[in-house]
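Have a look at this one.
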Amino acid sequence: MMRRVWLNLRLFLQGALLSYIGLFAWLRPATYLASKIVMPLAQILFFTFMGISATGQSNAHFYIIGNAVQIAAVSGIYGVTMSVGGDRWAGTLPYLLGTPANRLAMFSGRAFFHVIDGITGVLIALGWGVVLLGLDLTRTDPLALALTILITTFSTSGLGLLLGCISLVSLETMFVNNTAYFLLLIFSGANIQVSTMPGWMQAISQVLPLTRGIAAARRVIAGDSLAQVAPLLVGEVLLGGLYVLVGYSLFRWFEYQGKRRGTLWGF
Amino acid sequence: MNLQAVRMSARVVVAAAEVTLRQNIVDAFVLFTILLQPLVIAVLAMWMLGGRGSENAIFVVIGSGMTGLWSSLLFMGGNSINWERWTGTLELLVGQPSHMSLIVFGKNLAVVLQSLGSMLASYALAAAFFQAPLHIAQPLLFGVSLVLMVISFVCFGLVIAPIFLMNPQVRHWQNAMEFPIYMLSGFLFPIALLPGWTTPLSYLLTPYWAARALHGTSGGTASSSETLLCWGMMILLAVVYAFVSRWLMDVMLRKARADATLRME
Amino acid sequence: MSAIEVTNLRRVFKTTIGVLRRRAKEVVAVDDISFEVEPGELFGLLGPNGAGKTTTVKMLTTLLLPTSGMARVLGHDVARQAEAIRHRIGFIFGGERGLYWRLSAVDNLRYFASLYQVDPEVTNRRIPELLEMVGLADRCKERVEGYSRGMMQRLHVARTLLHDPELLFLDEPTIGLDPVGARELRQTIRNLQAAGKTILLTTHYMFEADALCQRIAVINHGRIVAMDTPEVLKREVRDLSVVELEVFGIPPAVVDRLRALPYVDTVSIENLDQRQSLRVQTPRGAEAVPDLMGMLEGLRVGRVVVREPTLEDAYVRLVGGEA
């Protein structure tokens, strides 16, 4: 039993390391700078200014926080789907699936690094908010905020895992990713109050990651305690876990179908 | 430059444009950039700015349409060189006698014309959302502004292309170049909101003048002298971009030949 | 005036190794080569993979700048006067790349015709002629992505002739073609030369160079190791005989020992399915056979043939037995 745990843990760590190396093999400092530091800033500035032009300076924090936390989706979606989908392009998928290794441990390991990457992104984005746009963090409980960010990044990674599995069978990975990212801009409440959306849109918001996370982040920064946002955070964690489970099941189903129909090699 | 040479050049431009259009029409990425992304931005903009009333509708339509235009030019115009490198046709394009600038001009023309479709899409969306007729105040002036916008955007793309030709890694900066241009060009909010030191940067960008002209003529808020100023700047900048790009292209081509980056190894 | 004039041409590539701490490394692909090609000649550049043939051709077709040295094509410098050269030459690097897959053959040709500034009337006449010549007329409206490799290669040939260039660069044109297709292409190349075109051909097939070329430059590791007509090159190995032994899985150590023998010039191995053909060049000819068999004791040996050297053997000798 202990051996099992140990094996899975090792798989997990190997996956994480692989992801790390894969990410940094092609990465140059300039690229990291562009995607981790400049792009989030650009996004926050754009939507915040647009928001200010509509509703005035006093509401700036709404847009700043919304977009800052939404940045988690960059790592969660693009990072994770590339990790998962990367196997297909590298042609290693059939080999992987030929092993008795625990798939969940394998893929969670890969996602792990991107969760860390995502947290970094959100922190940098919030930093920009403080430095450039006067975001006020004085009433924030640091632990609550940290937990919120961690949980939100986890749940977006869950979505990423699901999207990654879809990308295994569809050719248009970037289309799927881009669409998901941009739709999240609408439905997560990053730029629009969820309560002002029509009913059907609210329903969609509630089943997507980020929605509760962003709401919790706004409240925590406004001064709420951890206990007060706990329901939101619990919901976010559960949702993330659900996505991971669905993604995993989908992956197992694809694997089964692939083996049955002999399409693994033809991916 | 004699007539024969002009006709030959025009033929090259048209050929490049046609080939680009034919290939893009079925590309999912293209569809996303032209349709989906501007639509999402249009929805967001309409929501966020919609409180100001339906006169705002045309502003949002033009603004979000222009975000689509810029993103298309940035990604497809920029990626087209890399894509030629990936398919192995870049060498063939460099090794033939027509100047690369003509080919890039043709490609950009195709991309810009295609993405005018995004402006149409946001027009349709806004019409549905606001349930009010969308009305262009000065249609003739708007039309001229549109034509000048196409030409100046294409020329702006001529400057971007050689930079992407030089270094395949520049691709990673593409994402970071979308939103800043949206802001500096005042697509969806006035640049007065930005710090003062960015204003000269805006003035150097043809998208800024295009947006100003299109917003002004559609909303009827621009005086004729202001519209003429915008037109003048678009023409001036187009000429400047054309000259600078020609020089840049020659420099970059030389560098690519020296560094052997015309082909992926 | 020569069609191609190359003097002390050199090309060095800089690469980096490593991820976090990148170190620079220099690779000399073409190392101080010189040769001339006369108008109307069919000149061959022959060498193993990685010898520098393609790099040389890329420099001559203005796609790559030389690191040092000089090259003139049709009287113009390749580095400084590239534009003057481009409409008078055609080149093929072949393979599946270099074509627009989502377009048909006709569309591809039309596009390149415009780029090469061929008159529209001429284009309309020439495209069907060329498609007929390369045997693609019946499938010319299909998208290229459905073509076989041979068909794509033939389309390349058609493409490069659109503007009727006087000088052609063909980089390994028959590689990947089936024997029939390759033979047809060689005939086409002969016809083109008969029509007065100058052709520079690169290949690693010795028999191809022998069959087609009037003069051959043998290139290895970026240097020209020999340059002459095929007949003269064959005389290079006149003094040698070739002992050809059929072996089955010979250990490298034994091959090295054979090479070390004083009367052995070169040893090369060709793998043919399960068998290997061991070719030993030695002036002793048939007399060497007993000794060689002794060295191969314990190993299974099939047929043994002693024969006259061919151009292929001259080539092997020139490139030091690595072919």
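The first chain written gets the first letter, and so on, giving A, B and C; residue counts start at 1 in each chain.
By our rule, a residue touches a chain if its C-beta (ideal position, glycine included) is under 8 Å from a C-beta of that chain, and two chains touch if they have at least 3 such contacts.
What you see is a predicted model; the values in this text were computed from it and never measured.
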Per Cα centroids, the chain farthest from subunit B: C
Innermost chain, where centres are averages of C-alpha coordinates: B
Where subunit A and subunit C are represented by their mean Cα positions, the distance between them in whole Å: 52
Chain centre separation in whole Å, for subunit C relative to subunit B (CA means): 44
Rounded Å distance between subunit A and subunit B, as computed from the means of their C-alpha atoms: 31
Residue numbers on subunit A that touch subunit B, as the complex places them: 28, 30-31, 34-35, 38-39, 42-43, 45-47, 49-55, 172, 174-175, 178-179, 182-183, 185-186, 191-192, 196
Residue ranges of subunit B touching subunit A (in the complex, touch as defined): 28-29, 31-32, 36-37, 40-41, 43-45, 47-49, 51-52, 169, 172-173, 175-176, 178-180, 182-183, 188-190, 193-194
Subunit B residues within the subunit C interface of the complex: 8, 11-12, 14-16, 19, 22-23, 26, 87-89, 91-98, 103, 254, 257-258, 260, 262
Subunit B contact footprint on subunit C (complex, rising order): 13, 58, 61-65, 83, 86-87, 91, 93, 95-103, 107, 110-112, 114-117, 120
